[in-house]
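Data first, discussion second: the structure below is written as structure tokens.
Per-chain numbering from 1; labels A, B and C assigned in written order.
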Amino acid sequence: MPGSGARRRPAPGAALAGLMLGLVLILLPAGLLARPVAAATTVRVLMPSPFVDSTAPLVASFNREHQDLRIEVARGPLDTEAMSDLAIGGLLLGDTAYDMLLMDVSWTAKYVAAGWLVPLEGLLGDDALEAMVPGARTGNAFGGHLWRMPLTGDTGLLYWRTDLMAEPPRTTTELEAVSRRLQAEGKVRWGYVWQGRQYEGLSCVMLEMIHAFGGQWWQTGSGRAGGQTELDSPGAIAAADWLVHLVRSGVSPAAVADFAENESLQLFAAGDAAFLRIWPYAWREIERGGGPVVGKVGVSTVVSAPGFRSGGTLGTWGLSLLAGSPHPEAAAEVIRWFTGPETQKALVLDQGYAPTWASLYEDPELKRKHPLLAVQRQALEQGPEVRPLTPLYAQLSDLLQRQINGLITAEGSAADAMAMAQSQSAVLLESAAGQDSA
Amino acid sequence: MKGFPMNTSLVNTLLMLPALLLLAIVFAWPLLDSAWLSTQASSVLTGLAPTANGGANWQRLLGDARFWQDAAGTLRFAVVSVGLELVLGLAMALVLHRPGRGRGWLRALALLPWALPSTVLALGWRWIYNDPYGPLNSLLKLFGAPAYGFLTTPATTWLFTVLADVWKTTPFVALLLLAGLQSIPAELEESLVLEGASPSQILRRLTLPLLRPWISLALMFRLAQALGVFELVQVLTRGGPAGSTESLALYAYLNAMRFLDFGYSATLVVATFLLLLLLTAMGWLLLRRRPLEISR
Amino acid sequence: MRSLLLLWSLAPLAWQLYTSFVTPEALIQGAGMAAGSFWTLENYRQVWLADPPIWRYLLNSAVVGAATTALTLALAVPCAYGLQRQGGRLRWAVTLTLLATAIFPTVLLFLALLQLARSLGLANNLLALSLPYAALCLPLAVLLLRAAFADLPPELEDAARLEGLNLARRLQHVLLPLLAPSLASTAILVFLFSWNEYPIALTWISRPELQTLPPAIARIAGSSLFTVPYGAFAAATVLGSLPLLLIVLIFQRSIVSGLTQGAIKG
């Protein structure tokens, strides 16, 4: 420890030096320099802006309690895509400013293939995910390694108005019928709002709808890309058809074509829609917003076509260790703390985040204070839908978004759009196979 | 240049060398490097390491509907917005050229949109176009019209992206044309006025013909810049809806920074460059006259 | 006509100014609210105290701008002098190169420059960022300064040479003082360019606290997913534009004459 050397030899000069050193040590953190001079290991984490704010008190108390290990959080942008660009920019530049990164589940395969991540099983143990709810484990370990520890267990959920109906709809047909009835009675302007902008959120909506109509986006197979798409299957076409039908028949506003999470949430929270498809955090946001629907919102799993069952899309955020981190052991300790049950419990209570540990879903305090947990557990156990686990996911998602967004903003049939998405995906995967053999 | 010692040429070359060297590093090397990278597979599937794959990237480009759609879209964007900019820029230059009090301030204020950062302005336009709370929709509401989704359908989004670009770059065109107007001797105009020519006749018979070199210069410059349009679409529309406003530069950017496919990104960069070269050459031939007197 | 021109140029900017000073509720409800809950400085407080604060981006942009301007002038002055004194094919070739690079859309360079930054370790360094910036500004700067050199009567330099002044001294004591107005307008244009540049700043700088203004504003952070912080966007826009507004208003004469003279003499 700094300062102890001066104590061992109590000569006057050394004592003076020690005193001055002590003074400096007190003054420095007090504002002269931002960084403490103590020989503590500093672990740097890059996170999207909302997570920086939500975890700030927890990180501060961690830093108070630990003398030799400090967490330094860098604030990324709010928007997920801007966050991805910033993180990738740093990694491409070979800039090792960060030890770890809070990542969206859909980035993992790409980062692994790029060689940017360090396997975690050696540091955290082979059973690191064991005590988590099954659904929350998916998308973190593949190819024989653990790449990421999830901090949240988000899935797509259906928000509904308890003042307008007694029970949430279970099927797409019911949802549509209830919406139309409420719209006809003048109770709400719109029936169902969701995310239809050309961005990743639209792929999340599409994925759960494809499963809700009995199809699937991705069939795991061989090769570097790891499988094949099935976007022209009857189920996938029916899913696209239903979404565009919602817009064209006025159940959903045409403006969903430019809606991301915040726009759709804004409309629902203002009391203008009967149903909203969004993530778990929105419940707390609505409660905090103090708008007209506070206390009138119920949460359920997403709807499916009669005879099928879809889990919501898995949309978790988790911590990964970046290659080039100078102190992986210290970083692993921070990951263990950050994703551990205590931190997650605090985040459930403060922020309404969905936890990943099974024990937290049994916690009586949480159950009492956060009624969402029962539904959330059901969604996670029902088997949430995972976006295609391939390094080429970003391209696949991008071309699907373009087709679906084009479908809801213009003319055209769902069958044509999905056939186009399928053939474009096939071309992409084929060219990847070409790279494979090269 | 008489009267200089024999080694002047060497001295001149040495004086120019540092600047030319930097230009070579920042312009020539990247183009050569991109040309080389376009013959390589370098993506997540190769662990980001370049591996020669012959013409596979170029083959993919030829069959890539999205590339052709973006190329056509970028071209259409460039032609329409530069055309509008020339017309509006000429009008603006004529206004700025007229003598009067406070002309200096007027020029400075008219120049502002050009001087401010594109990203900042694009963000501003996103708010101006906001449905339903933006100022344009507030105006519509004032007249009792329903809210309008400026950025919700491909056709309107494209139109309003062009408008934002025209607003931002017209002052630059106006400034170049103003330089041209200033070079026209006032006596010529006066003699036409004495002959009884109307303002529109003066414009047609005197101003426009004499402005031609400046119009060509503005045209070349703006066309090249518009073909590389990037920040405006990245911030204002992100290429949406349905990819309708995606520019070639944005597609290349996405391939590198989001899809991690550098080989294909480089192919797109080189293809855009070739397209630019082709158009500039065509412009050069069409206009025949050099945009600038190169050798004095 | 003049007022129409001003309306066209300034109305969108005025709207940003207005947005930056009103509360989010006022933005949505419009007029008819009490003045107390209508006007606010909260948006400015928010971006000024944000993490990283906006003054940090302003400072970064100013540093890059200053370094770029200095470097560009240091390279452009000798080059312009040499080009003006040079004749024949070399002069023609260099002028053509400068013209071609001047109209080149810089975004096409981002991919290779990214690799350059990586292999030379130039990433996340504000001063290193001025290297590509200087290169991008050089064509215009050299063309403007060459036109200015051409305006100087050759007898001046001959006289100075006869007095035994060497090239550096001739430049320092005779030529550059006469070029001061052109140097100033070139410097301002270079500074404007570097303040506004986006694609290279976006790819060369990946640490939030080192970003220059354009990428920082494009990625502006907020912590609520609930509403889009238009007020804060507008406040950031106003603060980011203010330095340029001042420059344009103070130096309007040099900017306009610099660009027009350069184009005439080009």
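Assume a contact is a pair of C-beta atoms (placed from the backbone, for glycine too) under 8 Å apart; a residue touches a chain by one contact, two chains touch by 3 or more.
The shown structure was predicted, so the numbers you read here are calculated from the model rather than taken from an experiment.
Counting C-beta pairs in contact across B-C and across A-B gives the higher total for B-C. Each chain gets a centre from the mean of its Cα atoms; the one farthest from the centre of chain B is A. Centroids built from CA atoms put chain B at 38 Å from chain A. In terms of their C-alpha centroids, the spacing between chain B and chain C amounts to 17 Å.
Contact with two or more other chains is made by residues 257 of chain B. Multi-chain contact residues of chain C, defined as those touching 2 or more other chains: 114, 203, 218, 220. The multi-chain contact residues of chain A, meaning those touching 2 or more other chains, are 85, 89, 92. The touching residues of chain B, counted against chain C in their complex, run 1, 3-4, 8-9, 11-16, 18-20, 22-23, 25-27, 29-31, 33-34, 37, 92, 95-96, 100, 104-113, 115-125, 127-128, 130, 133, 135, 138, 167, 171, 175-176, 178-180, 182-183, 214, 217, 220-221, 224-225, 227-228, 230-231, 234-235, 249, 252-253, 256-257, 262, 265-266, 269, 272-273, 276, 280, 292-296. Considering their complex, residues 81, 84-85, 88-89, 92, 110, 113-115, 197-199, 224-225, 254-255, 257-258, 391-392, 394-395, 398-399, 402-403, 405-407, 409-410, 424, 427, 431-432, 434-436, 438 of chain A touch chain B. Listing the residues of chain A that touch chain C in their complex gives 49-50, 52-53, 74-79, 82, 85-87, 89-90, 92-95, 97, 261-263, 265-266, 269, 281-282, 285, 288-289.
Residues 41, 43-48, 51-53, 56, 60, 63-66, 131, 149, 151-154, 238-244, 254, 257-261 of chain B are the ones that touch chain A when the two sit in their complex. Chain C makes touch with chain B in their complex at residues 1-2, 5-6, 8-10, 12-13, 15-16, 19, 27-28, 30, 75-76, 78-79, 81-83, 85-87, 90-92, 94-97, 99, 101-116, 131-132, 134-136, 138-139, 142, 150, 158, 167, 192, 195-196, 198-199, 203, 213-215, 217-218, 220, 230, 233-234, 236-237, 240-241, 244-245, 247-249, 252-253, 255-256, 259-261, 263-264, 266.
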